[in-house]
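Just so it is clear, A, B, C, D, E, F, G and H label the chains in written order, and each chain counts residues from 1 on its own.
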Amino acid sequence: MAKLALVGLVAIAQAGGMAADVQVGVVMGSDSDWPTMVKAVEVLEEFGVSYEAKVVSAHRTPDLLMEYAGSAMERGLKCIIAGAGGAAHLPGMIAASTIVPVLGVPVRSKALSGMDSLLSIVQMPKGIPVATFAIGEAGAANAGLSAVSILANGDEGLRDKLLKFRDDQRDTVLAKTLPPED
Amino acid sequence: MAKLALVGLVAIAQAGGMAADVQVGVVMGSDSDWPTMVKAVEVLEEFGVSYEAKVVSAHRTPDLLMEYAGSAMERGLKCIIAGAGGAAHLPGMIAASTIVPVLGVPVRSKALSGMDSLLSIVQMPKGIPVATFAIGEAGAANAGLSAVSILANGDEGLRDKLLKFRDDQRDTVLAKTLPPED
Amino acid sequence: MAKLALVGLVAIAQAGGMAADVQVGVVMGSDSDWPTMVKAVEVLEEFGVSYEAKVVSAHRTPDLLMEYAGSAMERGLKCIIAGAGGAAHLPGMIAASTIVPVLGVPVRSKALSGMDSLLSIVQMPKGIPVATFAIGEAGAANAGLSAVSILANGDEGLRDKLLKFRDDQRDTVLAKTLPPED
Amino acid sequence: MAKLALVGLVAIAQAGGMAADVQVGVVMGSDSDWPTMVKAVEVLEEFGVSYEAKVVSAHRTPDLLMEYAGSAMERGLKCIIAGAGGAAHLPGMIAASTIVPVLGVPVRSKALSGMDSLLSIVQMPKGIPVATFAIGEAGAANAGLSAVSILANGDEGLRDKLLKFRDDQRDTVLAKTLPPED
Amino acid sequence: MAKLALVGLVAIAQAGGMAADVQVGVVMGSDSDWPTMVKAVEVLEEFGVSYEAKVVSAHRTPDLLMEYAGSAMERGLKCIIAGAGGAAHLPGMIAASTIVPVLGVPVRSKALSGMDSLLSIVQMPKGIPVATFAIGEAGAANAGLSAVSILANGDEGLRDKLLKFRDDQRDTVLAKTLPPED
Amino acid sequence: MAKLALVGLVAIAQAGGMAADVQVGVVMGSDSDWPTMVKAVEVLEEFGVSYEAKVVSAHRTPDLLMEYAGSAMERGLKCIIAGAGGAAHLPGMIAASTIVPVLGVPVRSKALSGMDSLLSIVQMPKGIPVATFAIGEAGAANAGLSAVSILANGDEGLRDKLLKFRDDQRDTVLAKTLPPED
Amino acid sequence: MAKLALVGLVAIAQAGGMAADVQVGVVMGSDSDWPTMVKAVEVLEEFGVSYEAKVVSAHRTPDLLMEYAGSAMERGLKCIIAGAGGAAHLPGMIAASTIVPVLGVPVRSKALSGMDSLLSIVQMPKGIPVATFAIGEAGAANAGLSAVSILANGDEGLRDKLLKFRDDQRDTVLAKTLPPED
Amino acid sequence: MAKLALVGLVAIAQAGGMAADVQVGVVMGSDSDWPTMVKAVEVLEEFGVSYEAKVVSAHRTPDLLMEYAGSAMERGLKCIIAGAGGAAHLPGMIAASTIVPVLGVPVRSKALSGMDSLLSIVQMPKGIPVATFAIGEAGAANAGLSAVSILANGDEGLRDKLLKFRDDQRDTVLAKTLPPED
């Protein structure tokens, strides 16, 4: 993680006061989810999207959860990425207390490899949506990209960056040779 | 359900004011869970345990959930039976806001037959326990029996009733002939 | 479906020419997915969000898929809801050809109850995100609500409608009595 | 496990004679379940709850099982925590011979990661309840906490300890910073 | 089931006294398992193998289970067919108390279609074997056939009947035409 | 199935003598698999591919299986479509005795919905390939189409028919309107 | 495996000629199954049961399979233990060609941990029974014990050995202390 | 991989221009799939079948996919082997744009061990067939063998090689001794 500059917005956010212009909240049930959720953070950094990253536990800090979700809209968050594992209630409970779009990331669990996390997040009842992504790091990265695409609806600069990201991604694949080089 | 007298405690509980001496709270995420959860209620009625039955939705009424769970101990509840289906967050979120024992019932879901409900309830992280029972009606009835056994720890009369219940149950099996008489 | 007025935008969209101001595209792999996907459509109608609904099959009309996804951004779509069942490739392939947010709905399949649809949609590799919702009707409705919440980021009127929707939903739960009245 | 003092009650219990005032029995199908089940023991120690820990195998020592379960109530046990893996019959068979609350812990199995253990424990038929917890160490710890909460119904001191435990747990989460420190 | 004569051995067995020369015990956890387990009984009848059929519940009549299994060898049983559903402990617990071969039949369960029954029966730990068959009626019939093949080891007449059964079965398949006639 | 003319090749094949110029063999473990496997037959009929349809049971007629598979190449079969359910051994055992391409169809099973059939067919060890298709009717139809595409490698007429089939299929989708008409 | 004497019966069996008085055949689909299947062999050795161990592949040596199974009865085998992994057809195909009891052992597979092996073996259709045991080493050992119990039906000496084995097993458990000693 | 000569056809194919007489295309979603897919390549090399190997990503290079599949027939490919993991859309999307037989290989995925890959590939809807093989290396090798058997329909030399391959494979098994030698 050497190349990820966690200075700036995150530091401010963690310092207790919330940053003024944060667009995306990234929350996770435990700091042990960080190695997964950092993939979302890296995407947001790459696209220059302001964010804050916080540990919010549905089960151990329900009041914080309610407060965080409850104030999200007025604080100007445009979406919230929430990751958790096992009986993962964080994304759904965040969604229960805000109308800001919630993107859920099932963190891989020890015994059931994240199948429990996935079902706990994706199988929400009608009325409270959680947009769910793949189990683990790919899902976290894609939640980041999805957040960017949501913001891009109102931001032409981001749209251009996304198009370029896609082009680069395509070009990387096109340049692949087999057998792989290293 | 003709033979179940829902008069008395339940009626009072539903009337808004909570009954004074309720020992067990029975909550469910939706009134569509009632055909399952009534099996818990029937057990409590059978053993003469006072209870209240309420719809509390983790996702649609998070504030009610917090309030219900948060006041459970001081209101004297000895345990809470919570049933929900799909991404079932109710039992875990109740447990997050009270130290009263929480018994979770995975209600059978349409697409995944309750496997999602089960994993969403049972796979709680360390720190917030939810005692989980079988998917569907058997689980609801057993949550009721487990509640009775918890209360019986401090109530010799209930212990005797439980012992008699077990004896009767055994005798019913012993009296079975094959093929079944139906 | 008698109470759903499919006049207007949809009719125009189906007529070949695409409506001028469509905000949300709703596509599905087969018209047999309609009973599921109509739940998304009903939400969009309820919130007054303009949309178009089309059958686009990843496997049987790949060219149409490419064309649809490829032109989505310039046509002004703000998000695309895509539903499919079994080896459900539609949402992922739409997402592969556009940067517009894609919301995937796993339609319940015959043999595996939609577990195949869910995994085919949610387990996308890093780089191409598909926001996935629950299997079946609940997922379709929630994809609709998620679309509304994405649009609401730039539309205060929608935000107010969403807040009211949540309030109504909460009040409906609060008004429930047990046993259910019907 | 250096910091866990297994002196006292456990030593006495293992010595053949059962301790006089044991409140919670902790049994497991094999001593290979110890690394999981010790998490329950640690919780009981932390809360100062008296307990005994024993290997009781449903399959290899059925008579011991019957004797253990059959005498639990008169010996004054307030609940029994039972852990086993694979075709895990111990918790259910203990429950079959006592009305003392039984808390089941699915120990992670080699081939199926504890999914077999979980289903063997949680899917009990109507009439004999086993309160089930998560697969593995989290489940064992939570079974311990649930036992404490059951005892706390009749013990204000334990209630206070539980409330403090929850407060500490919350504060630990609130103090987390991201990225994690070590 | 009109064509199955349940006279004779079974009637005697059910009458409390156990028949003198019973070779195979057929036990099930509940009389609701009968429609499945009768398929084993039909096979035994077809091969003229003496048997007894009884409801023995691991959970509701553990003492009967112990007594039944404990006396099986001296009563001359050559094998025991045991069927149960859900957290199916009957076959394993019978096997725990006898060295007579135990054949387990996973009865199809409501929520999980017998996957729970299968894992609860087949995943026995080293030391106590339960020979397990398919979920449901096919498994019950095959448990019957397996019992016959075990007895046939010491009974040439049964061997001949089994060979003829296989020949007839083969001939039935060879005589099939497509499309099927009815 | 009134519109399917089973005259001709099939009738001859079933009559015991095998038709001279049969290109595709369609075998199934039981005539109860016919409603599924007829979907493969219908495709072959539609494309004018000569075929034979037979019940061959891996378990009940292993000799027939060996003979059928063993003579397939010299009889000129270009591929064999084999369908079976549950512990489905037919496709794999056919493949074990011939180098003719084998296409396996997992027939939906009662308890496990064909997941057992699928895994029993697709998870073949290295060395003996079985090309596997979807569970149930879709898989049977696609096995038929795959057989046609294999034959089309050496038959320009078939290639043209396949191209037309695809065009028609595409056009059918393109002509769909929503809501569906009937 | 240093303490297992593979001299004698096995050596003879492997030498091509089959031993005269072999009671149990142990076959496996590949020599990579040996580390699992040796657990069955060890049990047979421990009980002094004569056996032979052979690699017989359903898919790569179907003729050998037919010959082996077809001659089992006349060669005097009292049962056959067959282990295989993945799409495991060996036990079922052995059973298809003999009336000697067949005991199946699902060997743990790489991708699916033996769930495919288990379903491929246990889900046999009505008519051809395979007695199935747990995935992996425990299952292999138990297949060995089940074979011993089948033989014990006609061998009082073996019965005594089995009773002693169970007593020893029980005593080992009874002697366990917690925490485990090493 | 030292013994695999990747000279010749592959080198040419990778060089951008496609080799003139390539019979089999081997494509994969990522070069991280190479260690799996090389098993298919090794089989093709062993049988002297000309092939090309390319990274084609359904999600990151959809245009390349369309072009590759769209030109396959006229370029003379006789079949295409396509491998991918997770929400694996490559095989199905290739099949959507060509009538050349497509053989799908589910690459083992991190969280779900390839169960997601398998279902995403095998559960294709009626109309677009993908012949699917086992998860991982065995499946890749078998896809290679299946490709050879398809080509062998029109190539007697290949048929002979396949027969010899099978003979050798059988002889290798027949030569196995137990315990395994190394």
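Simple rule for what comes next: a residue touches a chain if its C-beta (ideal position, glycine included) is under 8 Å from a C-beta of that chain, and two chains touch if they have at least 3 such contacts.
These numbers were taken from a predicted model, which means no experiment stands behind them.
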C-H or G-H, whichever has more C-beta pairs in contact: C-H
Separation of mean Cα positions, subunit D and subunit C [Å, integer]: 46
Mean-CA-position distance for subunit B and subunit A (Å): 35
Mean-CA-position distance for subunit H and subunit B (Å): 54
Where subunit F touches two or more other chains, by residue: 30, 60, 86-87, 111-113, 115, 122-125, 127-128, 130, 134-135, 138, 166, 169
Inter-chain touch pairs (all): A-B, A-C, A-D, A-H, B-C, B-D, B-E, C-F, C-H, D-E, D-G, E-F, E-G, F-G, F-H, G-H
Complex interface listing, subunit B residues touching subunit A: 29-30, 58-60, 62-63, 66, 85-87, 89, 92-93, 95-97, 109, 111-112, 115-116, 119-125, 127-128, 130
Residues of subunit G defined as touching subunit E within the complex: 39, 73, 78-79, 99-101, 103, 118, 122-135, 137-139, 141-143, 145-146, 149-154, 159, 162-163, 166, 169
Complex interface listing, subunit D residues touching subunit G: 1, 6, 10, 14, 30-32, 34, 38, 53-57, 60-61, 64, 86-87, 110-113
Residues of subunit D defined as touching subunit A within the complex: 108, 113-115, 134-136, 138, 166, 169-170, 172-174, 176-180
